[in-house]
Structures are given as structure tokens and as C-alpha cells.
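Quick heads-up: structures coming right below.
Shared between the two complexes below is chain A, which pairs with chain B and chain C, respectively.
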Partner chain A sequence: MAKTYAPTDLIANRRLYWIAAGLAVVMMAPVLWIIGLSIKDNAELMRGTQQVFSAPYTVVNYLNILKSSNVFGWFLNSLIVALGQTVGVLILSSLAGYAFARLEFPFRRTLFVIVLFGLAVPEQVVIIARHQMFNWFGLHNTHIALILPGLSSAFGVFLMAQFFRAIPRDIDEAALLDNTPPFRIFWRVLMPLTLPAQATLGIFTFLLAWNDYWWPLISATKKEMFTLTIGIASSQTNFAQSEGLGFLSAQAVFAALPIVVVYIFFQRHIVTAVSGGAVK
Partner chain B sequence: MSAAIEIQSVTKRYGALTVLDDISLTITPGEFVVFLGPSGCGKSTLLRMIAGLEAVDAGEIHLGGRRIDTLAPGQRGVAMVFQSYALYPHMTVAKNMAFGLENIGLEAAEITRRVTEAARVLEIDHLLDRKPAKLSGGQRQRVAIGRAIVKEPMAFLFDEPLSNLDAALRGRTRLELAQLHQRLGATMIFVTHDQVEAMTLADRIVIMNGRKIEQIGTPMDIYHRPKTRFVAEFVGSPAMSMLPVAAVTAESVEIAGLGRIAAQLPGLSGFDAAGAVLGVRAEDAHVLPADQSGLPFTISVVERLGDRTLLYGRLGTVCDLVVEDTGRSTAVAGQTVSVGFNPAALHLFDAAGRACDGLGG
Partner chain C sequence: MKRFLLGTAAGAAMSIASAAMADTTIELQRFFGACDADYGTVTDVSAAVGECGIITALVNKFEADNPGIDVNVTTVEWPGYDQLNAQLASGAAPDVVSMHYSVISDYQSRGLLEPLDGLLAGQGIDPAAFTDAGRGGVTKDGQMFGLPFDNWTMLFHVNTNLMAQAGLMNADGTPMLPNSIDDLFAMGAKFKEATGKPYLVQILANETAAYARVLYTLLQQQNSDFFADPTAIKLNTPEAVAAVELMKRIKDEGLSTEAMDYPAAVSGFTNGEGGIAINGTWLIGSFEAQSHEDGNALSGGGYTVYPIPQFFGGRDSTYADGHGWVVPKGALEDAEKAEAIGKLFKFLADNDFQWARTGHLPAVSAVFDMPEFQGLPHRANIAEIAQTGTSLPAEVQRQFAIQDIIGEEVGSAVNGDKSVAEALSSAEARINDLLANL
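On to the complex of A and B.
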């Protein structure tokens, strides 16, 4: 049988493979390090972190999370904020994106340009004004305060508008001829077609919200309103962090769990999202 | 169930651009009417106005005696098959067909009956559980037609539904559409820029060009008695040749710079020969035997089609001409031969492109 044609150069591919493997090790090392630290006794780590490489190992740090720390409360706060933002962003971006893509209304183009400007405005520019606003309304130290700013997602509106635009109008028109009421066209005909975009946007929003540090740091000043990021940072007691290193690491691992879960369940969508293609 | 469609003085504008200007047309119940014309002439626009996807700027549209241009698309009793098929990608074939029926609250048993029946007729029953992405182009096409059939509409509207199919499938589907029309007996409007589709499918063809209807007639009417030069040149392949005319009488035409040829031209009264042209189809021009004299024709390209041969070239030094010869033609490029014309099948058009009355066979 004739040798089949190989479309890509295998040698080059193998080299890429090793480079990727090397990078993966570099990426994974700190993660493994933290996991290692988290299963060591705090006192033992005081003597030196090389103890990670030898037994005994323990789950006592994780048990301490369950028992004593505020981590559970913070975890819950993070979950409420991240889910709240995700759901809110998906709803608002879908509605706004649909409107920009399909409806005729005054100043549609101008408004869209303004939305796009939102992409270019960094959080730093607005944060003081935002802080004052929330102060006036007395909203600080509430979940609402942590969720609200994240809902105006210029990226989300832009993404959804582009996605709705990419759906041929023939589909809407077929639905019109099929006697479909307007909202049902949006909900039953077009929305299901945007699922890939919803997944992308949802994952990004969730991860961003979960990892957000700055706004919760400003808005949540009471310990019980901390999100995980703020909470864990606040449990860093001394500069060198020689005490309680195992416990801190366990908290970090615990905080990362939802992210890991999201990655595992939505891996396919994340790859699609990051590589920016394959929208069907 | 089929119904008459009446289009009364319909006008369509996009801003300052008038796309359709005062169009009137009556379609009888059960008729298969084809809108034929070059790309951009407004065929789709007119169809979409009937469907309710474009607003009517002036005039009225009636279907089955009821005014419909003021109704929502879904209320008009029409079904449309799109060029892109426009199937709902996330719904199965069955669901695609059922969706519109569910929207009007038809009972489930009736929906199932109609979907099953349509699927059987279109031979897509084995595909009912598939999504459109898993179908071939031809199968999607059938589903799109099925989605129209189950609505049991008073009129079917097709916008170039065959143009995304490959040639073989297009031919077959054309035939099936004709059969479908016979079986359903429904009023159908079919938009195309393909004259073969128009000729083969239509009871009547509506030729459109430049905001207006050029001519309405049966395929044979359109082909043999084109009312305008545009229709004459647009329909027929190869396109009709146009010879410049110097003078006409009832029995002959003088071709500018070449001489007279015999022609039967009744109803010439009032015809202005200035700037007129004489239209000749390839099959009405022929190479004369060596002992007969006609007009000199210099062949530049010989196109052999097997059953016949098309000779492309110039008539004298005056104009281009296509002449049909037999399949076993001995003509070669570069040769100059004598050609004659069928006097009963010549088409005379005045300078404005209007046909001289009573022309042609």
C-alpha cells in the first residue's frame, strides 16, 4: 500500500509536543507545590519547606477549614457573587445583544459605539466614582454591591451582538412565517443557537468574578462579607508567612476547587472560547 | 386548498430607490407562476412582500379574496421555502416541521398526522429524528418543503430554492416540484433567475426587469412571442441575435449594410423602423447549401453539442450572429458561409425595444 500523505510535519509536531510538555511542567509546579504544602503540618513547615518532600502527610489543615475558619462563609459569598454575575451578565448581554443585532431603535449605532467604548475603559478609571456611588446608596458590604458592577459587561454585549448578527435573518423570517411571537423567536429559535457563546461568556464571567480581587477589597470591609480572594489574603498573618503555611495552602486549594470543576466540566467550551473559533 | 393572488399597483421603495414600481398581477388558483429576471430586479422583494417580510409602500395584495398586505406574515396563509432553507438548526426534522403548527395551537395528533404524511410524500420519514446539520443539501431542501406543506397554506412561495443544489439534483428536484404541484394543486410562486427552471415549471412566467414587469405569459408565449427586446434576449440559450434594420416592408427586412431578407411581418402599420433591430434565434438561422445565396457569415467558433452544432460568428462585418447547424455539421472556424433565416420566426423590435405586433410564429 502506498504511504499516505501526512498533512503536518511529524518531527516539528513532536518538538512542539515537548515544548508544550515543558511549559505544562512550569505551570503545574506551583500548583503541585501548594497542594504539597497543604497536606503538611504547619509546625513542620516552620522548620523549612523542603519538608514537603517527605512524610508524614496530613489532612488536618483541610479539617481545620471545615471546623474553624471563615473560609466556608467566604466560599459562599464568592459563589453567590460569581453565580449572580454570571446569570446576570448572560441575561443582560443576550437581551442587549439581540436588540443591537435585530431591533430598530433610535441611536442604535451610537449606543453600540458607546458600549464598545466600555471595552476600552479600565476599572481603575471608574473605581473611585463607583466607590462613592455605592457609598451614597449605602450598598457597601452587601452581595448586591459585589455583583452589580460586574453586570455591565461591554464584552458580553459585544459578543452576543456579534453572535446574533451571525445568525442568518432567514431563520427569524422562517419563524415569523411559522407564526412565532417575537419573544418566542428570541427565546426558542435564536437563543438555543447562541449556546456556544453563552457557554464562553458564562465561563469567562464566572472565572473573572471568582478571581476578582480589587472591587471586593474595596467594597467588602466586614469580614463576613469577604469573598474568598479577600478572605484568604486577609488570613496571611505575617510578612514572611512562616506560620500557618499549610493551613493557608489548604485554603488556597479549597478556593480553587470551583475553578477546577468549571474547567473540567467545560473544558471543550473553554478551548473553543480561547481559540476563538468553531462557533456553529 | 388553493387561492388566487391579486397584486394591485404595488410599489416598493428603499429610501430614494424605487425597487418595484406600480406592479399589478393576477394569479389564478392552483397556478404555478415563475418570477424570472436578472439578479437584483426585485423578484425576491415582490415575493417577500407577498409573504409579509417586506412592507408594501403602495398598493394592495389579496389572497383568496382577503387583503393580506396588512396582516402579519404568519396570518397570511402562505408558506415560504427559502434559498438557504432556513431550517432551525437546533431542532430535529420532525420538530422543524411541527414548530409552526405548535405555534398555532394545533392538536398534537393532527400535527403528527401532517408531519408523518409530508415526510412520507417527500421520502424523508427516516430522517425525522435528525438535526439539519446531519442532512445533505437535497435532504434539507425536502425538509424545507415539508415545513411548508404541513401548514397546508393557500399559496407556496419559493425563493430560488434550487440554486444551492448541484446540477443533477437540481434537475431531479425540479421534476419533483412539478409533481408536487400537480398533486397538491396549490397556488405556487417560484422565483428564479434560471430560465430553464422557469420554462420547465411555469404555467405562466412573469419576466421582471428594472422595477417593472416586462411580460407575463406561458413559457411558449414568452419564448416565441417576446413582447420586448429584453425578454427576447433574456430567454433562450444561446441568446437571440440582434441584427440592425435599415427598412421594413410586410414581406422583407433590409439589414443595414447587408441586404434584404424575406420575412413575414403582418401588423406593421405605424411601426417606426428607425433604430429597429431584427431578432433571430439560432434555430431560425441556418447554413445554406452552396448553390443558394444568402447573407455572408464568417464563423469564429464552432460549438459541437452532439445533436446540433452552434456556429458563432459575424454577419458580414455588421453584427454577431449564432447559427444552428446539424450535429454532423462540417463547418470549421474561419470559414465564410451563406446563411438564411426562417421568415416566419423573426422578431422585429423598435428603437425602444417594443416588439412589432403580430410578429413571430
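On to the complex of A and C.
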């Protein structure tokens, strides 16, 4: 039987919708603003960004992206780094999380606490030491250098360990009774159950890697190795970008496209992740 | 057959030799942006406009003229020193880097730059060919550590349409500009009364550099030797108080636009939100172009530009900095590459006029006498800056960080968050703490 609503509920719901719509407009405003800027002539924008509200509009900024040979290389670099980090983090965090949640080994709790300390250490603290280490190994200006630091994800290990702990041990024990080897239990029995957490972790890792600025700034110093964030920043046409604003905005829109796609396809998982559903 | 084989071998040898010549690559790292879409293949430098366009075309032209040399350009986000630091730390510095004169001492004092006297002499570049401001900007401990490329400074960009509306134009079509503090406030009041707009368009939000540059200018105009000791600044002085109080009074009496950041100040001036923009040399080309377009407040040729007037009785002076090209340590060890870099520097010095079209002042003295330069709009108005432009002493290190501190503290005073005395004391203490712990 369908649920019925009292008129007061409907009014309240309608108010909620209006509030939600208002908030959505506020959230969308910067996105619409930058899309608007991207389809305006640079010289017009120098006279003031209010020009965005009036015609004419142009796609010349997007055509200029196509003409600029570096942007696609930067895009590819970002894709390699973001996917490399995502796959690596999922593998390592799943293995480590499983180990901390299910296996007995010496100093397990101590090691887990040490891993959790990683959540409290900001990147700035280790950046110089890390830069020197990568220098010793001659790794700067390589994809490996851009991927490796992101693989040590304390958050990922914590998330996966919590998720594995939430899975009843009865499932492992049932598999053991069937003489299933431990790795097969991990891979075939438990891993499929962790898909929500994997999705959450994968999305967050991809987004963080895609948007990372600081480490690529100092590790990838050759233009061929720039990621999109660094490449776009380097394209600013003058001090404080009072000129070329349309072109810069077009590049920003272009750079954001993969993120938008990720959001569209994984919206449900992102909402679950942000609301904490992945660790319940 | 023998001849054929010999001929083939000789041809192959020549091909290999020319390929070897073509292998000389200069890794050049610079700011000024990337504009490959518009200028990636342009070799006619005179057809290029703007910083990015002109430097891109200059490099293209150099490569076209020197088939044996490839210049691999990496553009960095302004100013790019974080990346350069990382590159130097990892031993992967480029061969040639764009650098502000005010930053050279930071790197030179740590032995990270090559002295260039020999390289420049080898190309027949005479240090005397550069302006005092240009040569002084790159000279440390008696040696040149960069190729001077330009000088830049803050200017009075004037909207003559609004000045005419306010009755502040002379009969010869030049704007009336203040020659004293009293003049400034009198003209400002007259301007506001006639137009309803503030006299000045200033960058007062989200930026520190403008405050520092104006303060340096006002201190220099009072003959204040605030960096008599390059390792310690003196800001607890009557001159500094007078300078900051003037900056604060301008804001308090409504003589200036408020809360504008850099882009807002640029577009605000173009939109006629005030009469005079205090901004840099690099905007001359853009404002001039807009004055010949329709639909903005400068339309109809309503733009001109002058140096910041002398407000105090000491001397006519404006704080100036500049852009140069430096060579990180070790890049000259390869003789072939050193020769190529020398040729590039010679080319850039020979084409300094082209760079001066950006609005920056030339670093090569002879450019000032070129009819082409004199024919550029407004250059005669600002040529005096070659004499009146004054940098901080070359020995002062961390000038960008000092600029940030001054900007924060003076900004607090101008916006009323701190008293003038408190802000200056704080700035002095913070800067001296910074310089004492290098």
C-alpha cells in the first residue's frame, strides 16, 4: 500500500525542495561562472568579468586548447598518476586492511597505531625529506615519482581495516570449513563484500591525485611531465591573470571534465562515502 | 666507385656533424605565461604583442636564425621560484631562467648562479651598454649574474576622459597631475566632486606587492635610507610614518577605490571606476589597446601614463625592479652549450626594443634613443624612470618575503586594523627576524 502524506508534510517537503534548490544554485554558481568565462573573449573579460552576462560568446578558447600541444600530454600524465595511485592504493590498502582486521601477527596493534599516525602527519612535514629521497634515487620527473607518495594511504588502510572488521567472521569460518585457502578467502569471499568501501576509497584517491598540486609542482619540473594542475597554472598569461582569463577558464573546465564524469558515474557511492555509509 | 663512396661518406659525416650541432639544447625556464596557440610558430617578432607573445616569438626567431640550437622552453606559474628551488635541490636546474633583479641576491649569495661577465664579453656585450638600473639590478659583488632585460615600476595610468570631465586637463591635452600632497588631495576632491568617483584605483586587497612598492617609493622620495644596513630594515622612522599615514589618509578620505584585488583594479580602471590606476609598466600595452577600442571607459584615446609624482621634498624617485635572465651554476660547463647561451643572450640584448614594446622599460640604453622606441605611445612620458627608478640595495636578500611582510603590515595600518606605529614596528621586527635567520 502506497504511503500517504498529510498536506502539512507536502508543504514541508516543498519548502525543503526550495531550500535544496537554493543551495544547489549557490553550489553551482562558481561552476557556471567559470563555464561562462570560458566562452568569452579574453579582451572583453579584461574590461570586467560582468561581460559574461552578455553576448557575444565564443568557443575560441576551447579551440586554442586543441591548438596547444602540451595540454593533452598533461591530461595523460594526470590520468596515469590518478589511475596509478587509485589502483595502487586499493591493492595495498585492501591487503593491509585485511591483515590488520583478520590476521594475527606480532605487534599488530602497535603497527596499526603507527599507520594511524600517518593521518596526523601533514605532507608539509615530510616534503623535504621525500624530495631528497626521490632525488637520491633519480626519480624526479617520472610518473613513478608522482605515483609513489600517494600509495602510502593511512586513510585507506584504516578504512579497509574497519570494513573488514565489520564483516562477520562466520563467513571466513564457513569458507575455512570448505578447505578454502586463506588468500582465496580474502580474494573470492571477502573482497566482493568490500566493494562499497573500495568504491569510496577509489573515488577519494582518484580525486585527490587528480587535484594534487604541491608534489607535482616540485617533482615534475619538466613541462613534459607536468600534470594538468601544474600545466594550467604555468599557462597563466601574466601576473595575477588579468589577461587571458577566458583561456584559463576553458582549461580549467577541460581539466575538470574527468572529475565531473567520475561524479556522474559514482554519485551514489560518493554520497554514501561522504555520509559515512562505507564504514557502517 | 671510390669517388662515390668517398662522397657518400663525406655527406654522411656532414649530416652527422649538422645533427650534432642541432643537438645543442638550451633548457629555458620562464614565467610570462604560455601562448603557444597564438604564437607557437610566429617568428615575426614585430607581429607579437604582450609579454607572452613577444618572448615566445623572440625564442622562435632565435631558433630560426640558429638552426644548430634548440631552445626548450618550460613555462612556470609566476614567479616559479618554488620550482626552481626544487630543481636546484635535485641538481636538475634548467640552463637559463627568468628572474627578478630583486631575487638574484637570494640565489647568488648561495653560489647557485654563474657569473656572466666572461660569457657576455665573449659575445661582445658591453656592460656599459645597459642602463644603470638594469646593470645594477644584476650586479652583485662587482660581477654580473644575469642579463638585464628590462626595468619595471609602478606608474600613474590616467583615464583622460574622466580627467577632462573633472576639468583636470591642461590646454596641451596632458592631464594635470599633483606635485605635492596638498595637490593630491585638492585634485582628488575636485575629481570626486565632478565625477562622483574616487581619484585613484588602487590594489588594496589580497595582494602585498602593491603596498610595498608604494611604500618604497614614498620612502625613497624622502631620502630615507631604510636599508642602510642590508641585513636590517629601519621602519620606525618619521619618514616611514609619514609615508604610511599618507597611504592611510588617501583611503580614509575616499580618494581611492577600496577592497579591489589586482584583477578588479585592472578591470575597474578600464571600466572607469576611478581616474588614475597605480599599477605596473606591463599594463601600458593593454590599456593603450583598449583606448583604441569601443565600449570601455578609455575609448577614444582616453589613456595616458606617467611616473608616480614626487610627493615629498627629498628627490624624484620611484621604486623599480626588473626582469633578467640568469644561468644556474654548472650550466656553462659544456662549452658548446655555453656558446649557445651566449648567442641567445646576445640575441635578447640586441632585440631589447621588441621586449620594450610590452611596456617595460628597456635595459639596453641605446633603445631609449631609437626612433621606434620613441614612437611607441607614452614612452617619452616615462623615460625618466631610467634615471629615477631605484631598486633596493642589491645586497638585501629575501626581497619577495620582505615585500609580503610589508604588504601585510602596511595593509593592516591602511585598513585601520593596526595603528601606523604598531604596523611599522611589527614589520620591522618581522623583517629583521627573517634576515637574522637566513
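FYI, the second predicted complex is superposed on the first by the 252 of 280 C-alpha atoms of A that agree within 3 Å, B and C clash if a C-alpha of one lies under 4 Å from a C-alpha of the other, contacts with A are read in each partner's own complex, and residues count from 1 in each chain.
Note that a residue touches a chain if its C-beta (ideal position, glycine included) is under 8 Å from a C-beta of that chain, and two chains touch if they have at least 3 such contacts.
Values in this document were obtained by computation on a predicted structure and should not be read as measured data.
Q: Record, for the superposition on chain A, whether partners chain B and chain C clash or fit.
A: Superposition check on chain A shows chain B and chain C fit without a clash.
Q: Going by the contact rule set out at the top, does A:Pro168 touch chain B (first), chain C (second), both, or neither?
A: Touch partner of A:Pro168: chain B, not chain C.
Q: Quick test of understanding: once the structures are aligned on A, what is the angle at the Cα centre of chain A formed with chain B and chain C, as a multiple of 10 degrees?
A: Result: 160 degrees, to the nearest ten.
Q: Which partner does A:Ser235 contact after superposing on A: first (chain B), second (chain C), both, neither?
A: In the superposition, A:Ser235 touches chain C alone.
Q: Between chain B (first) and chain C (second), which does A:Pro106 come into contact with in this model arrangement: first, second, both, or neither?
A: Neither partner.
Q: In the overlay, work out which of chain B or chain C sits against more residues of chain A.
A: C
Q: Between chain B (first) and chain C (second), which, if any, makes contact with A:Pro56: first, second, both or neither?
A: neither
Q: Just chain B (first), just chain C (second), both, or neither: which does A:Pro30 touch?
A: neither
Q: So, A:Thr180: does it touch chain B (first), chain C (second), both, or neither?
A: In the superposed model, A:Thr180 contacts chain B only, not chain C.
Q: Classify the contacts of A:Ser219 with the two partner chains as first (chain B alone), second (chain C alone), both, or neither.
A: In the superposed model, A:Ser219 contacts chain C only, not chain B.
Q: After superposition on the shared chain, which partner residues are touched by A:Asn141: those of chain B (first), chain C (second), both, or neither?
A: After superposition on chain A, A:Asn141 lies in contact with chain C alone.
Q: If you've got the overlay open, could you tell me the nearest Cα approach between chain B and chain C in whole angstrom?
A: 49
Q: Looking at chain A, which of its residues have contacts with both chain B and chain C?
A: none
Q: Applying the document's contact rule, which stretches of chain B touch chain A when the two form their complex?
A: 51-53, 72-75, 78-80, 82-84, 86-90, 99-100, 103-104, 133, 147
Q: Which residues of chain A touch chain C once you look at their complex with the stated criterion?
A: Within the complex, chain A contacts chain C at residues 43, 45-49, 63-65, 67-70, 131-132, 134-135, 140-141, 217-219, 221-223, 230, 233-245, 247.
Q: Hey, which residues of chain A end up touching chain B in the complex?
A: 168, 170-171, 173-181, 184, 189, 192-193, 195, 280
Q: Using the touch definition up top, name the residues of chain C that touch chain A in the complex.
A: 32-38, 40, 50-52, 73-78, 82-83, 85-87, 89-92, 207, 261-263, 266-268, 270-271, 280, 282-283, 286, 289-290, 293, 295-296
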